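Each of the two complexes below includes chain A, the first together with chain B, the second together with chain C.
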Partner chain A sequence: MTPLILIAREKWRLMRRNRVAVIALALVLLLSTIAAVTSVAQQAETAALRAHFQQEADAAFAAQPSRHPHRMVHFGQFAFKPVEPLAAFDPGVDPFTGTAIFLEGHRQNSANFGDVRQSSLLVRFGQLTPAFVLQILAPLILIFLGFGAVARERDGGTLVQLRAHGMTIAALLTGKAIALGAIGGLILVPAGAALAWMVVVHGASLPAATLLLASYTLYLAIWVGGVILASAIMRQARSALILLVGAWLTTAILVPRMAPDIAGAVQSLPTRLESEVAVTRDYRAIGDSHDPNDPHFAAFRTAVLKKYNVARVEDLPVNYAGLLAVEGERLSAELFARYADQLFAQEARQSDIMNRFALVSPTAAIRQASMALADTDRAAHRRFLGQAEAFRYDLVQRLNMLEATDVTAENDAKGDDPATETLSRVSQDHWRSMPTFHPRPSGIETRAKGAGPALGYLVGWLLAIGACLLFAGRRMGNGR
Partner chain B sequence: MIWKHELRLFLRERAAIPALLLLLALATASVVAGLAETARQRAVIARIQPVQAADVAALADGDNPGDAPYSTYHATWNAPNPLAFAALGQRDIAPYILRVRALGLEAQLYDGETFNPELALPGRFDFAFVLTYLLPMFVIVLLHDLRAREDEAGRSAALQAMSRNAGLLWFRRRAVRGLLLYAMILPPFLVGALVSRVPPGQIVAVSLLALLYLMFWLALATLVERLGWKSAANAGALVAGWLILTLILPTLANLAINSAVPVRQGLELALAHRQKVHAAWEIPRAETLNAFYRTNPRWSGASPPKGFDDKWYFAFHEVADESVAPAARAYQQGLLDRDRLTQRLGWFIPAIGLQARLHRMAETDLSAQLAYQDRIREFHSRLRQFYYGYLFSDRPFTRTDYPKAPKWGDGMGGLPPSR
Partner chain C sequence: MKSASVPIDQATPAVHLRDVRVRRGERIILDSLTFSVGRGEIYALLGGNGAGKSTAIATILGFLPYAGGAVRVCGDDPARDGYRVRGHIAYLPENVALYEHLTAVENIAYFLAVAGQRRSPDAVMAALNSSGLQAEAHERRLVGFSKGMRQKVAIALAILREVPVFLLDEPTSGLDPSASSDFNALLLRLRNAGAAIVMVTHDLLGVVDCADRIGFLESGRIADEAVASGPDRFDLRELHARYGKRVLAA
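Here is the complex of A and B:
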């Protein structure tokens, strides 16, 4: 083991002497710290703001005066997307998606007021977060600190000397990798501290944070291996540098930008307008609740009369209009679900195509794994939307049932006339007893499952780089 | 003669031709991708027309044609401008199609479009990207060792001695490289611009911007070379400069601008608008109508409302819009301020300046998104007046009235007036 340590120590000494390298490393550590601190502060502020708005919306709902339940169906409720603590590490798609959804009867509104839509195009340059620093900047530092690791020994003729002293190529490469790996470890320190902070102070999931740190370790290990490999196989240090910067530019910057075009071309999405028109059309096709002879609603009426064992709608112990509202909501919600499922499947297919670019870009892989573990990927947003929809449906149906049980048919009919309208109202006490929205973050199993394929790609990358290093080491050992 | 010689020398370098061809390929690919994306956006706008027409036709042919003011959604769209192919901007996350009805606009205007956020996350691959991020990298690769290599090979002294004017020699070498890079990146744009029928003034402006930006990086590379470091140190310094100028400063600037100009008015106005709309049920109808007639004196002679009356229903929606108008203006102003600050920063950071200018010209930035919203506001008020013509004069709305509704595109769907 001693020669390994010697090689590593020698490499560190050389890196320390390289002033540009030391400054660059210090800059990245500083930037990484700034990113962690500002990101944590910003997410805490965002979380507080959204929680404040959610409380305000809940209070507004509870404070509504006594009124007809259907008025409350349209008064609706706002659902604010809570901030997952790990979003401070990797906000993922969170800034791109809307943060507030207006929930009301027989409509499915979009999530609005997303950060990116409210920012100038500067936001598309990237956001300074620990994830951004580790995904994009850290590899570049490893490249500049490590491109000469082997190539310089060769350029300077010291490689021959080392071998004459009995140093094997394998030991040399391993030693260099240990030295560069230690730099990678150093870069991970501020990020690790930020993760620890999020776990201890903000209650982030410990297993998710641990897996995140492990994923980034894997990612940086791939770059360490890649840098040593390029340094070993290129004839000159200069060529190794150009090759590595080219590889970085391609895999970290270029491929992630080209992938969406391909995914979008293979699988297109319907516009909101088309989906809404389709829901309206299908709903109309089911039937018209105002038409006494409509087959669907005639069958519904028969079933209701049978259930309550009466002959006429007038004899029902409940308000038939309320039951019709429940049935109408059920039908429209089914349609929403059908079109939403279709859309999610199409989006999932797009993301799937995107993720396959992990085969040519480890950055694409770590980006996906990181978002999934932080619960800030597209799937996590969909889970939030699903919970908001479930909450919307439950709230609207409770209100519709209130119309059936607490508003008599006679009073219901008086609702249109301002003079008698108050008779159709129900007490405001009901609003306070309605549930409030508390979406749950995804569990670790869901997150790990989402990150699984991407992590698989990362492991594959590491194995491939390792194999190449082994091969290159053997070739160097055999000749030249 | 000497120039030709320099050209031949340069092209004989191992990295020269592959680098130039790669840049040409990337620029071409970005133009093709941009043209494909704007063509796709135009196709989507064309695709929704029959869908929209069928939706209105179903209402007109239905049992309740009189529901038109409440039930009819009207499509609006914002077609990409000819230059949009070069700078796709925020059109992937902000809607370029929005349908509205004559009810409260503030509850409709900020709705989003369906998009996959994972596709939007990395940013777009367009000409603006190749120009802003990739071109400087090519400058770095081709110029970082222009002098250092001669120094390292020990040829510098000889070269300087042989040349009558050494400064001119290095200038020529840089100029050859710069011009060749320009010759790789510009023609794909020019072809795309001609295909897309970009106005000549804009073509010239983009060409000059690209040249200026290229010259900035050539100057920076020259400056770093002056320090007389080794080629690897030059490359390191230049890549660090690239990182700071194109990634780190813009992200820090975004952070600073967004915290300097908070825009929570958007959410506040959404909550306030809903509150205002539903409060109308609790106050005397005459009160709401009087407020409405103050801003709409044209309809103040209408008959008083009977029972549940659409007059009152539409009036309280408009009154609610008016009550949050100051918040809406403040929200828009906040967003405009963010955009303006970005434009101003562009004078100090070339990458931001280039991106901001390109996206302004291509009308794909935040201001363009707000200009689209302004046009929707204008269209929406025309819709309202159209339907009020029936509601406030107790004229029944019949099947044959549907085609009379204002159409998006009467001088507003094509080229927007520039802000």
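Here is the complex of A and C:
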């Protein structure tokens, strides 16, 4: 048996014979299993619910009676954010961002009905998900099981005995790391099983799930290395415990909680009211399509007349009001896109600031990597909003074009009179032929790219801890 | 990690220190320390607190580098090849450090495995019996073991190592007179079997019964040496008069 395995086996035997260690490990495994099972079940339920709501919304839209297309523009459509299967592992920002958007003409609404707003305040303090267990609780159990790994050998005098029997410091540290690493691996088992379930049963991305598991393995390896390092450099086991609990409180609790506040203070975002006031002001400044002297719409009318080679709007083969609606929507959508881009740029700067906290906290790094790989980070939400906006624009423009092509100008003018309003209607068959909303989840390249910087930080952390362990080992080897 | 089956040149002294100097910062701990221990010999290194006993042990084990002179254990230099040297030595510290969650037998099996050795259960039982540990304690975890009982487990382990050199740090400290006497008898058996035994102690009366030579360590050097047999055999009264009070006072 190699010295490494010998040391590791002895550490496992010590843990097996220590009731507190066994109970603590069993509790974490139980929590991890409960988190995996409940999260998967909840995810399946939520996904089914949202799919059901989306079907209902699609059906309600398709079931509308024959009517004027512009009324359908304002009837609108709901877009429900589908649940990415890996959200069961790490829901990310989903509970906070809202999951349903009302899509209508001339407006770009934000998502509503985030789970946190619908649930008790307790949800804000962290749901029991596999990600939460691995990010927060797993390091704590590694600390409690490993803080004395080397320090107790030194305290009890067995370190000298081991060395006198030919054990090298490198073998001792590596053996202890293997023993604690195996505990980390054990803690990963329920999460790994949950990921496998998500891939096989719910069709989650296999590469993303594999990368997710690899990322958490890297994260726990950092903690294993950190625990062994603290145990090796501190003179007493008690000091190692205090140091490690302090490090856990700072890096796993404080920094990830403070990072968004600091990022928000450095790069503030406009409030919803401020954004709406600014958008409304600029929207009004676009122009008035009913004003014959409005320079933009006057130029638009000239261009349309030229295109159809006619002198008067009345001579157009299409309904000019429909074309105006198309142009108006194009302009307003450009305005919304400009504001959205500004907001996204500000959010990106906030995210950049937050990402830098990964330099002082591996937990901050794994959170970013985990959300990116699960497709539940802020960038993923932005991609969903982008797809929803593209769908909204396409739907509204199809309806506007329907007004231009299927409602004559003459009948369109009769739409305000209840007696003749039916003439301005188009067949309800058109609603059924409209596309439905099917947002695509992000591909593995997008997710990996999003997780890349955070994974880089994690690799950096592991290398730094490894270098410190090497240094500490040499120092121990030189001393008594 | 190396087992004890390292080929040993029988002609060279088992332990040899010549003009060894060890410094800690500006302080000189060992100053031209010189002594040799041959196979089949018990050498007692006697000294008070601060005389350099612990440093001498750490240097022989290769835990501390030395600044000058030479140290050889079975011909190997601990400063260059500490792990090989430790394969020649069974070290018994003053405060025996063993694992409380393991039984006596498990402790022995574990440390033997660390040293790359394995012994049959019968051999382990025999060693524990010869160290004087009651049979009912062999399979008990060490929680609740007295210092003497732990010492006996460590002695059994040292015997089972089957190494040429035994390095003992205050080996009888904490043992009752009867256990001390048994221990001395055991040392004599090991010596007669050809082991080189270095015993570091401040207990003059405890070593006179078994040591072949006594080196008196003062300020990091051997101030005097006494032999146990032949025309120069030491006189206990005279030794005590010369060193006993000083050592005991320290």
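Keep in mind that, in the parts below, the second predicted complex is superposed on the first by the 479 of 480 C-alpha atoms of A that agree within 3 Å, B and C clash if a C-alpha of one lies under 4 Å from a C-alpha of the other, contacts with A are read in each partner's own complex, and residues count from 1 in each chain.
The rule is short, and it goes like this: a residue touches a chain if its C-beta (ideal position, glycine included) is under 8 Å from a C-beta of that chain, and two chains touch if they have at least 3 such contacts.
Treat the numbers as computed from the prediction; the structure is a model and nothing was measured.
Shared-chain residue A:Y283: touches no atom of chain B or chain C. After overlaying the two complexes on the shared chain, residue contacts for A:R163 are found with chain C alone; chain B is out of touch.
Of the two partner chains, neither chain B nor chain C is touched by A:F344.
When the shared chain is aligned, chain C comes close enough to touch A:E10, but chain B does not. By the touch criterion defined above, A:A171 reaches chain C but does not reach chain B. Measured by the number of chain A residues touched, the leading partner among chain B and chain C is B.
In the superposition on chain A, none of the residues of chain A is touched both by chain B in one structure and by chain C in the other.
Interface residues of chain A facing chain C in the complex, by the touch rule stated above, are 1, 3, 6, 10, 13-14, 17-18, 156-158, 160-168, 171, 478-480. On the side of chain A, the complex with chain B involves touching residues 20-21, 24, 27, 31, 38, 42, 49, 53, 56-57, 60, 64-65, 67, 71, 74-76, 78, 92-93, 96-100, 102, 109-128, 132, 136-137, 140, 144, 147-148, 237-238, 241-242, 245-246, 249, 253-254, 256-261, 263-265, 268-277, 280-281, 284, 288, 290-291, 343, 347, 350-351, 354, 367, 371, 377-378, 381, 415-418. Residue ranges on chain B touching chain A, taken from their complex, read 15, 26, 29, 33, 36-37, 40, 44, 47-48, 51-52, 54-55, 58, 62-63, 73, 75, 89-90, 93-95, 97-99, 107, 110-125, 129, 133-134, 137, 141, 145, 231-233, 235-237, 239-240, 243, 246-248, 250-255, 257-259, 263-264, 266-267, 270-271, 274-275, 278, 281-282, 285, 307-308, 335, 338-339, 341-342, 345, 351-352, 355-356, 359, 365-366, 369.
On chain C, the positions that touch chain A within their shared complex are 1-2, 58, 61, 63-65, 83, 86-87, 89, 91, 93, 95-99, 101-102, 110-111, 113-116.
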